[in-house]
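What follows is subunit A paired twice: with subunit B in the first complex and subunit C in the second.
Moving on to the complex of A and B:
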């Protein structure tokens, strides 16, 4: 009896499942057809108007043609493709301004609607485009998004948008941040900041969470701006080893060492990564000043430090000679092995 | 007679309840995967990809390619790695004492020259004969070593590697150009909290390929291969996505996975005395995470794709499945103390019991179900109904889930855009329970028997190479 009932129930469930799956399959076919039509319309725009866009961007007297104004989503998609390819390959303020003006005039309404979508992915795509095409007229619409139940990813995009359009608001928001982002994400935000805004992060440096501190140091290095050398050198006094290592890495990236004195105490640091970075940084100073310290690092207990010291010595014009000389008098087997390897490598590559 | 009656009822009942349990588990995992993929539906991935192509936002990765008699596939694999959109990588090909011309092929193709290089022995391995560096690609290294198996070759790769993360790729697999960027995403975005990540493996048979890039994906003609395509989709939707959400993944495929070198070395590297070395490393790292009481995670990432060649004959497929199942048993058995052990958190309380019950013992129960149906058919009477009940459950378990996976993949990722291909896959999925399922069950049970009898020789997979295959289709 129970089995019979279960059988009937299962048969009903199975029949229902099959119907649902058949329905789903038909829906997929329908959706694919719509996609084909969408792509066709998008490709038609690309085919017909890519040349016009090129003329509008590059010919000075070219008048903007109204046919370029999008009439629907497929055309918006086509314009996104065109703009994105220019943005990725060309840095030209005039073109960027033209794109910005156009987007503010004719694309704004599409993205404004998308921002209100129930679908997370559509809102995210809109936020990407607002930042990429610099649609500053949508700043208020973006701020409205903050009143909704936004996700961590959306808020990151909002921060990015604020950092471009309203840096003060960005600093304000980041000070009261209650979500945690990865270091690489902070770097993405900081790298776009103007110098005067970015330098504010060095004030009250210790009040920031570790990931922001690390990202600030790394970004300062990546910006290769000599104005940050002082700031980074000050951080060498910090108690946190990771901050010291990163500050050294940042200074190495900037690549200008005017005075080696602040660095000498670190040759005997307890942390091997610090000694390694010193070995790297000394690349920017003539060997005559650094050889005694590099010789010490060449006999370090750590393989990486020895390796780096040997490489740094070998990079100097007289480096190979110095290493050969070192081999004649040193008794440190590991240091000798390293010196020998680097000499062989260097000579092999010549 | 009475004994037979009660035994039939008992076994029937056990199998029915087991099937219901598995169906409910799969339904739950399918729903989680569906919600996850639905959220990301049509999200433009290029924003992340374009930003993270810069070394400033990513972490350098050493790519390890162990190769044993892979003279046909290895060059394409290396090309696919050279094509990768990733800012900082080094490619380390490890020739594990091949008896064919793998070594010569690689030396000739990539103009490898011998170099003297000091290798730090983080993990003890078999002897390294020579290290070569490519004269045309700065970041390409070849290591020639004494044969010691795939795990040993990977360990050599870890020793030679200089970056903090390594990615293992089979010598016969092809990576999508953005695969590495995307598999590294959870690692980069978690500031290293994710210590290992695995990508999605897809079947490349039938794809058109040139110099390491797939440019057109068509469903192959071989039914056995299509069945495996469906099986891979199913495993991906009904398992890995959901398990990964709760840090419960025990398997990330050795064909394409990234590990933090520090954690892998601390876990002892790849175990050389076990068949499923990839699963073993994941379990060891999980164990280490729990023992150290840290919050590290292991994740499965659905969109980075690694293309691999699937066996196209029954014999080779049988070897592969036997080996996989035996490997899984070995690993679970070795770490049996973790099962239901609260010290290992959800891994011990959920993952291990799930793998024991569903993945390991599943084939025995299911095969028992098939045998039950046949016996019930001969015994007739009331057993008929029980047999039909079981059959219907098999249909839900085998057919409905497979068809749903195929359709859901078509909706969310659309890998096979041709209408004809989709219909072919759906129709073939309907036949699964009649031939493919029983066959794989048999082979998996064979794996279990081999585990019990401690047989551990490897089945050798005959390869024709992905690109080569295309010429013959």
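Moving on to the complex of A and C:
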């Protein structure tokens, strides 16, 4: 009797499991079908309309065709692929403007809906696209997202969007930031900023946290804009050695030295990295002005500094002669060795 | 009958003929423009000049004033001289003539009444032979009423033949690959016809063996590619014996001096950082091909 009951129970359980399995399989099957249909529709759009997009972007007087307007998500995905490919590979202001206008008109409603999605990945994708395609009409929708329980990554994307569409709001947000980002993340944000907005970070520089300070200096160097030379030279007076070294690195990246006076005190700096950077920077000044200082650096206690000074001297047209002359009168064995090594290497590479 | 006086030390028509045929082959093979000048004395019937002596004097005068790369010869009739200029267009030939005419007017050893006339032929194809060239120029200078220091031109051989160029695009991104393909297919470069083929990775390009033909070959490729990246392809192509036929443009997302330096040292002709302006790419390609002919 007990066995009979157990068998019945077993059968019921098996039947239930079977039904669940069938249900699960059907779910998987329909999901797969949806995915296949989605991909097919997306690929069809790519196949049929990539050429039309090319014509619209590049041919003057080409009339915009209504068939390019997306009817659903698969077409939006296809347009994302097309636009991303263009943005990643081609610079053309006219094309960027056409994409912006199109996105504000026909993609806006899709991304607005995505911003409300419960899934983080969908919201993140929407935020990426809003920044990439410059859909400024969604700025208010983005601000509303701040009222929800957003993630750190989402807020980073929001900052990026503000930096593009409303720089003043971006600075405001950065000032009262609760979340802390890495230096590299700040650099990614700052690199997008227009010159007049970016330069504001140098005002009241010391009030920023260290990671922002470092990112500002590094970005200024990477932008290679001569307008930042004064700002970076002012930072050489900062007490923080790291800031001094980074400012010198930034100035080296920009590669224009108009006056060597602000740099001369650093030839005798206590920090060898600072002396090394001075040795590098003097590459941009004629040797006639820098030789006495480079000679001093050639006799430095640090190998890297000596090496850099010798290299900088050797890069000048008369550098090798100067180094040979130095060898005849110097009594510093380490400096002599370095000068000789650089001469040999330089002559060997000719 | 007028005695034909041929000048010693100067190459004669028959000697030059075989050299000329050889040079004519280089016109196509090495895209070398040749320009010839034929010179003749303008005879003054009223003067009592001994033209056979003048011709000898003129021959030596010309010998002294040509460049080492130019080939001076005398025609069998003893009245014409020919000069072949290698790697020179009619602009240079014309400048040469102006210089020669000026020097001759100042020359005191040659009688003042002596004047020259000339014809210039710029050759950019091999639809001509030496005898035909001579005949045409002689005909052009045959008119005794032509003024002194007159210059005639023959434009029949200026038209360059169309050269077939293979173009290979190696780019992973399908959309951008198509953009490049369309752009290059629509480019119109005088005297060159493009045959554009696109590949999605390095391996499929190397498998086709299309790069083994002798055609001039423009390669537009990414530095990072699946299966045989751009640098591997670059190395393979530059190791080939006829590597000079490749014009290699490398595209990269890496905006670094080191990456560009490595690429140039590896043998690329252009290093282009992505994203770039397509019009700029077109302009660069046009300039590259413009350099092939003078």
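We take it that the second predicted complex is superposed on the first by the 313 of 350 C-alpha atoms of A that agree within 3 Å, B and C clash if a C-alpha of one lies under 4 Å from a C-alpha of the other, contacts with A are read in each partner's own complex, and residues count from 1 in each chain.
Here, a contact is a pair of C-beta atoms (placed from the backbone, for glycine too) under 8 Å apart; a residue touches a chain by one contact, two chains touch by 3 or more.
For clarity, every value in this text was computed on a predicted model and none was experimentally measured.
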Is A:347 in contact with subunit B, with subunit C, with both, or with neither (first, second, both, neither)? neither
Contacts for A:88 in the overlay, against subunit B (first) and subunit C (second): which applies, first, second, both or neither? both
A:200 contacts which: subunit B (first), subunit C (second), both, neither? neither
Go through the superposed model and pick first if A:54 touches only subunit B, second if only subunit C, both, or neither. second
By the touch definition at the top of the document, which applies to A:303: first (subunit B), second (subunit C), both, or neither? first
Does subunit C touch more residues of subunit A than subunit B does, or is it the other way round? B
Report for A:109: first if it touches subunit B alone, second if subunit C alone, otherwise both or neither. neither
For A:268 in the superposed arrangement: first (subunit B), second (subunit C), both or neither? neither
Quick check on my understanding: which residues of subunit A belong to both its subunit B contact set and its subunit C contact set? 88
Taking the touch rule as given, give the residues of subunit A at its contact with subunit C in the complex, in rising order. 46, 50-51, 54, 58, 81-82, 85-92
Mind listing the subunit B positions that touch subunit A in their complex? 39-44, 46-47, 50-52, 56-58, 115-118, 120, 188-191, 382, 385-386, 388-389, 392-393, 395-396, 400, 403-404, 407, 410-411, 414, 417, 419, 422, 426
Complex interface listing, subunit C residues touching subunit A: 173-176, 178-179, 182-183, 251, 253, 274-279
In their complex, what parts of subunit A are in touch with subunit B? 3-4, 6-7, 10-11, 13-14, 17-18, 21, 24-25, 27-29, 31-32, 84, 88, 119-122, 124-125, 128, 132, 182-185, 187-188, 191, 211, 218, 222, 303, 337-338, 341, 344-345, 348
